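As written, the chains take the letters A, B, C and D, and residue 1 is the first residue of each chain.
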């Protein structure tokens, strides 16, 4: 049974826009923050730094269901949807923590890439092993 | 034959991240900027302000093909992919202006919403008429 | 003896720029986040929302001493430097939590403003009383 | 008689916050954008890229006089306030282009820094010569 990883984030004033809700682009930053904390949790945060292999996004999607507002405490849930040799797909759900309402869901696909050649390469084995424990495919 | 709308944007230092490329979330801000300039172009920018009917995004997607870098001049192309009674789907392509390479493509779906009730409502007729001249569906 | 308020913030990838350090504008967002958590701490966060009296910044200053980097855990220290009838000045110091090195310091001056008239007005008494317990002037 | 450099910038939705005005931190991004266009204008934009000598900010200040709003066309005026051997101070004024009202003014001090040692170093002579033609000190 795959586990999910959950983290909390409180909406700051700078996250909002003139519609008095979180700007739609910032949900992708919240996804990324959950991914960073997930990598901290599995002990691989240093893998995201300045290495030979980088793991840039190749796709990002978000479906917006209800607005998030200033000072809302958000629960961000990350799941590892799929791992391939060179790519990984993360799923995200963002809830309002207080009410557990789903505000948004989405995904990000990242591909391991050689920093010099910019060609797709294999995800480092250490990362694959860790990610697999969070994935059911 | 539907027209597309094109605008230029130069990448600023604040758009980049530590991978020395444009942060993936900022492509959605570039999409939005193109949408704003499109609304200026069709004379409806005031419709995006503080009105009874707002048109928030319900979906956003981006596929990243090649990185954009500091000081790159980007050409952003907007097309009206589909208009329904209450929703509109915009397509976006971002090119490096100098080489015409496609860096990213994506779409955004927006739904007309009553600001008080937060329920979906009809897109104002004035907007629909204008958008239709840019759409082939 | 005035107290200071301290909070922690971990640098996210989106906070960095192509110099592989936190973008200078984001230190002001870190200041703001500390201010928000300070208002939570003193039980007045609701005062920052959508009220008749807003408290916009009229001045902001930051001195940058050492760069902050991706994944650095920052300690942000807020002090109430000065309270006048209509204005408050907050001081900020940002440390790298691990080493206690001072990375940046600065201040923000905010003035209570009537939302309708946009004229300066008295800071609500409830806020002044709370802030005074954090100030030595 | 020193010249100033002027550029235009239109406020995007993502620049605003829940007070329905431009977020105070974004004025520093507008300063930076003017600086980038100034460097383009004087033919030195490549000097801001990935070189041995970087020119990070050591101080940034902004005074906010009137709010900027969504879709406002801003005129940003840059002046070279002072050039020292290792440091340069830029002044900025931001006007609402339509009415010529001053919305904000401020400055940024940058110090030439060796990328490896992170120690202050002399500003490249080519840059100093160009900047001097914009400075009266």
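Everything below uses one rule, namely that a contact is a pair of C-beta atoms (placed from the backbone, for glycine too) under 8 Å apart; a residue touches a chain by one contact, two chains touch by 3 or more.
Keep in mind that what you see is a predicted model, and the values were worked out from it rather than measured.
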Farthest chain relative to chain D (centres taken as mean CA coordinates): A
Which of C-D and A-D has more C-beta contact pairs: C-D
Whole-Å gap between the CA centroids of chain A and chain C: 28
Chain A-chain D separation of Cα centroids, rounded to whole Å: 34
Approximate Å spacing (C-alpha centroids) for the pair chain C, chain D: 23
Where chain A touches two or more other chains at once, by residue number: 13-14, 18, 20-21, 25, 29, 32, 50, 70
Chain B-facing residues of chain C, complex: 13-14, 16-18, 20-21, 23, 25, 69-70
Complex contacts: residues of chain C adjacent to chain A: 10, 12-14, 20, 29, 32-33, 36, 40, 45, 48-50, 70-71
Complex contact set, residues of chain D against chain C: 18-19, 21, 24-26, 28-29, 32, 50, 54, 56-65, 67
